[in-house]
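In the two assemblies presented below, chain A is common to both, partnered first by chain B and then by chain C.
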Partner chain A sequence: MTIGRELKVTALGTKVSGKTTFLLGMYAELSAGGPHGYFLNAPDPDVDLDLGSRWDRLLDDGILPERTGADVIPYHFQFLDGIRPLIDIDWFDYRGGALTDAVEGSSGDVAELHARLQDSDCVYLVVDGGYLVDPISREVVRGTLAKTGLKRMSSLLQTVIQKKVQAEEPPPTLVLLITKSDVIPQRRREDLTSLSDDLRMLIPLAFTDGITTLVCPVTVGNFGLDDPSQVSVEEIDPHGLHLPIVFSLAEYMRQLALAAAYAGTAVGGRVAELEEELRALNTGVFRNRSKIGLARTELASIEEDQATYGYVFEQAAKRAEMLFGELGGLLVFRDGEAATDV
Partner chain B sequence: MSDGTMDPAGTAFARWRPVVYGRTYRADQWWRVRPLDVGLEWLPRTVLDVVRGGEGIATEPRFVLARQDERLLLGVVARATRLNAELAVAEDSRPLYAFVGWLSGAPRAEVPRFDTFERHWSAWAGELYTEWMSADWSRHPSDLRSTNQAPSVLPPWRSLDEGASTAVDDPWAHALRRTGSFVACAQRRGPELVVEDDAADQRAEFEEIAGDQTPTHHEAAEPTNGSYDEGGPESTRPVPSEREPYDQHEVRRRDQPEPEPGPGPGPGPGPGPGPGSGSGSRSSWFVRKVREVVQPPASESGSRPPSSSPAPAPPRSRPAHGPAKDLESWKESARAEQEAKQSRPPEP
Partner chain C sequence: MNIVMLGHSNAGKTAYVTAMYGCMRAGVSGFQVRAERREVGAQLQRRASAIAAGHYPGASDRRSTYHLQLWHESARIMDFVWKDYRGGALTESSHSEQARQLQADMTSADGLVLTIDATELLRGARSQAYVRPLVSTAIRLLSQRSDHVPVVIALTKWDIVKSVDQQALAAAEQFVGALVQSLRQTDHLHGILVPVACGEAPRNVAIPVLWCLHIRLLAYVNQLDYEIRYLDEQRRIAMSRSGVIDSFLSWMNNEPTWTEIAARRAAQALQLRAGLEPLIAPARELSTLFNSLEQYGGPQS
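Right, the complex of A and B next:
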């Protein structure tokens, strides 16, 4: 069952960047209960079981999820406030190789990825933390761009944003998701300003006018630079896996609050018009009762709308504030500037 | 073994073509070889469905037999190490998995008996895997932009004469006797062999076996001349009617809801087996096996079990992008919430 409002999220990343492991961890963290009583739930019990058992296999035996084949795997989640469903989350998983394949190639997942990207409300650019261990200098930018896939991601995003601008649609919100951040030295990992400066060199598009971006290091455990199929169970220590989706929802709520405020203001203009009209109708000796009745009915209905938009605004703003509060310490960039008041 | 589809060269098996799906050491690109002909769009979809992301094959391979659009596919999903231990681990040390199979242009081409295939699969599929994988194994991803077009090959079982898989006791027999499209998977689970016919549509299959007279969307469109459960000789097989368009036969993905019944031949008494015809001593091996795997309903009176699939969501007419698109939906929810609050009796 769908709620009728949806957040479409697409994670872009090269092979072995950790997209699938991140998905499993994110679901595990939030399906058990996230901040302030929020939950993420897969309404299909088989999907819930599948995601849960793959995560458990990692926790119990240290076995990372199987590689994703040339198939796109769509996931439908619901984000709930307690037991109240708030919004559908539309997610899909795919092999990293699809990022660099041609649309005209023989694998159908590439065309699907491109079409979906154009439709996404939020795009996660998944960057393997192994490439950010040392500060990025101008000499290594080119190599790092190729290895992280950021060059390709930037090009794809540029196309998406251009099309959105032409269609007068808002650009997607971005998350620079640094996976395997355990390999980044702690001092560097905690200095997000410096890390963000490096990312700005690699993907300036994420720090330009009209774009909102979260920089978010996450980790599943302290596995080091090796990427074996099996990891040490003792080293599993997930951190921050729920934060990207919390940010996506916070940003959604912020934009919803703005939309409700605009709608309320527009309706308010009509209320003033009708009140003026009623004053005029009630003046003079001969009064048109029929017209007065119609205007009063319309006014009552519009005032009700105005009150409802006000309620939506309040609720959305409250939720946005609460969710943004969860991101303590992370940096959100609006129009390229670190936002102090998100 | 002849399927009556001799090619001009007179070779009964010349119409089989290789299908190999598995990534290489360096490249996250999975298709090594497959027929790329127009009209074979179902093939990659079917392979991806049966591969299931490499899940469930850690100890035993999954054998696959599928028919669609006048083609027959026989293959196996397995850990790559069972196919060629030297072409089994990618550069990040993770073990690989693969699908290796053969596609025939003759929908009733004879395939080896299941036990024969089970005995020889490792050698047969291993040879094909090695041939196509070794050519691409170490190549740079940029050199692997396209999939190889599959040539015609002689199937490895050509020299065997161990009987046809249509024999009554063969696990593939049930599927092969069907007139329409199907996807059948077989896998050892401990001492037991579990067969799923139309893995993506088990409910429909179950209903047939449970004795429900309602034809499935496969059977309803293609009347049969008799019950598949009776295992008649090959000569009595119903002749397939004109094929349905591809989209009516499309194998559903695991995550897709069941399609709603269309305006075609709706529920009603069909040509399938009647109540009880799939039970008792006349039951085929397959029917008994599926009964073991899928729990039958308490009553076999013919009543259809309630569908667990939700109805498809109504089309949305709202704009496609941004949270503003959802504003009206939020407004409705807010109204309902406020009304609920107002109608709640005051607390004492």
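Right, the complex of A and C next:
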């Protein structure tokens, strides 16, 4: 039984951010079987083949995936626990013109991206680790914001989050995905607090009230600062590629569990009201059988809903706990503070 | 019964089906496999002899289909079709006729044999990329199945990795462990992982085919048993409703009496029993062949 609907993920990043390589590595790793027997699978065998063969080219010949001309690449995946489908994933890889300030005015592109972001459960802001090699000082903030595309991403997200808040909807979860993290000096890479402080300076929005953010450095290998199209296959050593999607699912499941608990409590109140109503209707000599029947029917239906919410809560909370357990060592921020419940 | 064998090019699929025929034609614990057509059987036996002498067949360039029969002692127990795909079908897009055929065959397969060249498991990071298309395809198709399906993960060319077999087993655990775990979580998939060698020192050659046939036979026997019980119950109910009044009313309405209905159910049950009885002993004997193997999934785990 699937317990969620569909997880919408939007990945934003400039054309050289390493987003495609990350996606290929993540798919290769999880489609072969991830931790605890989880799988990511493309229902379309041609997509599976395409993603797999592009990753194989990197493993065999060290050829990094070509930068495609497309602005938007949608993918449909299924996340499975063994052979049991858990949730569908609608993945949207965006590297289009709306990410550059220059085209802010070209309404079609921007409007499409806004709509997508508005609909997303999770947004990945993909940042090239090459820009985070040294600690970020006030002097370089402006230049780094422009080069990484974070300035534009931040502006787009600001609008989306404001609309979500107005509509009383939860804002999307964020992942600050630092690609090519092999180029960041080891001490700095391992001290995620310092790295997070720098990111807080670059994109304060990700560390504000109501926002949940994962800081996640990933790497495909030790390729250094150069950006060649071909790398040494001996240096390929992927790390952490599965963690962002594991986090997205964990957070989705956590929110689903919270929503189910809230709904369960709400209907619990109505159950108490109906039971009281039935007690009142069942006293006295002249009883209104029609009202009693209606109340009983409503009570049975609500109790059924309550059981469903209970089941969803139990399943989602269990999944969330298991998935969060995979993120050991990474920093998750809720409302700007490092979370202790992951 | 359709058994689909899947694996990369040069994973030893054709060698396996040939060696399996040679081994099973000679007989294993009273069971034999025979080809439906005599000339096919003769050809397979000639090739099997060559493999036993260390001469392996070349890679096949198209799907080969073998119509085979399982015999126990002198009784023909079950017919089955063995489909051996050329390796490329696994890594070709849906534009390829073979790839399309493979998808269709796998969707309706009654048994699945996934072949993995054991020597490829010892190539570090590249091993995962080698195994990935097979695992991914299996997961995609098995996630759509809810019926009983035997799934064999055959680690072929085990004779070549014999000197480092513990290392190869550890690598198998690493690269197909998640698939094995997936099978273990189900009641309807019946998995085994088995090292296989086909050459001069054959090993476990009969296990993959007999496992598939065993699970299928068991499912068939259970189905027959269920139908017989159902018919017996129907007969009992019909008998309880029979009597003089029923006979009169049935005659009036020109419909069969409950006594007649009970007799029909009894005849149907008898016919099914006649089909079931010769299968019980072979099904039991087949079961004993896998006692030493770890089984993943199915009601027993």
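Throughout what follows, the second predicted complex is superposed on the first by the 314 of 342 C-alpha atoms of A that agree within 3 Å, B and C clash if a C-alpha of one lies under 4 Å from a C-alpha of the other, contacts with A are read in each partner's own complex, and residues count from 1 in each chain.
Note that contacts are C-beta pairs under 8 Å (C-beta built on N, C-alpha and C of every residue); 3 or more make two chains touch, one makes a residue touch a chain.
In this text the structure is predicted, and so the values were computed from the model without any measurement.
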| item | value |
| --- | --- |
| First (chain B), second (chain C), both or neither touched by A:Y311 | first |
| Contacts of A:L64 with chain B and chain C, given as first, second, both or neither | first |
| Touched partner set for A:E169, first chain B, second chain C, both or neither | first |
| Contact breadth on chain A, by residue count: chain C or chain B | B |
| Contacts of A:Q255 with chain B and chain C, given as first, second, both or neither | first |
| Partner chain(s) touched by A:V183 [first = chain B, second = chain C, both, neither] | neither |
| Contacts of A:V126 with chain B and chain C, given as first, second, both or neither | neither |
| Set of chain A residues, in rising order, touched by both chain B and chain C | 46 |
| Touch list for chain B against partner chain A, complex | 21, 23, 27-31, 34, 36, 44-45, 48, 51, 53-55, 90, 92-97, 141, 145-147, 254-255, 310, 313, 316, 320-327, 329-331, 334-335, 338 |
| Complex interface listing, chain C residues touching chain A | 91-94, 99, 103, 125-126, 128-129, 131-133, 135-137, 139-140, 142-143, 175-179, 181-183, 185-186, 189 |
| In the complex, chain A residues that touch chain B | 1-6, 14-16, 44, 46-47, 64, 66-71, 73-76, 87, 95-98, 100-102, 105-108, 119, 121, 164, 167, 169-170, 226-229, 252-253, 255-256, 259-260, 263, 305, 308-309, 311-312, 315-316 |
| Touch list for chain A against partner chain C, complex | 28-29, 31-34, 37-39, 41, 43, 45-46, 48-50, 52-53, 55-56, 59-60, 78, 80-85, 236-237 |
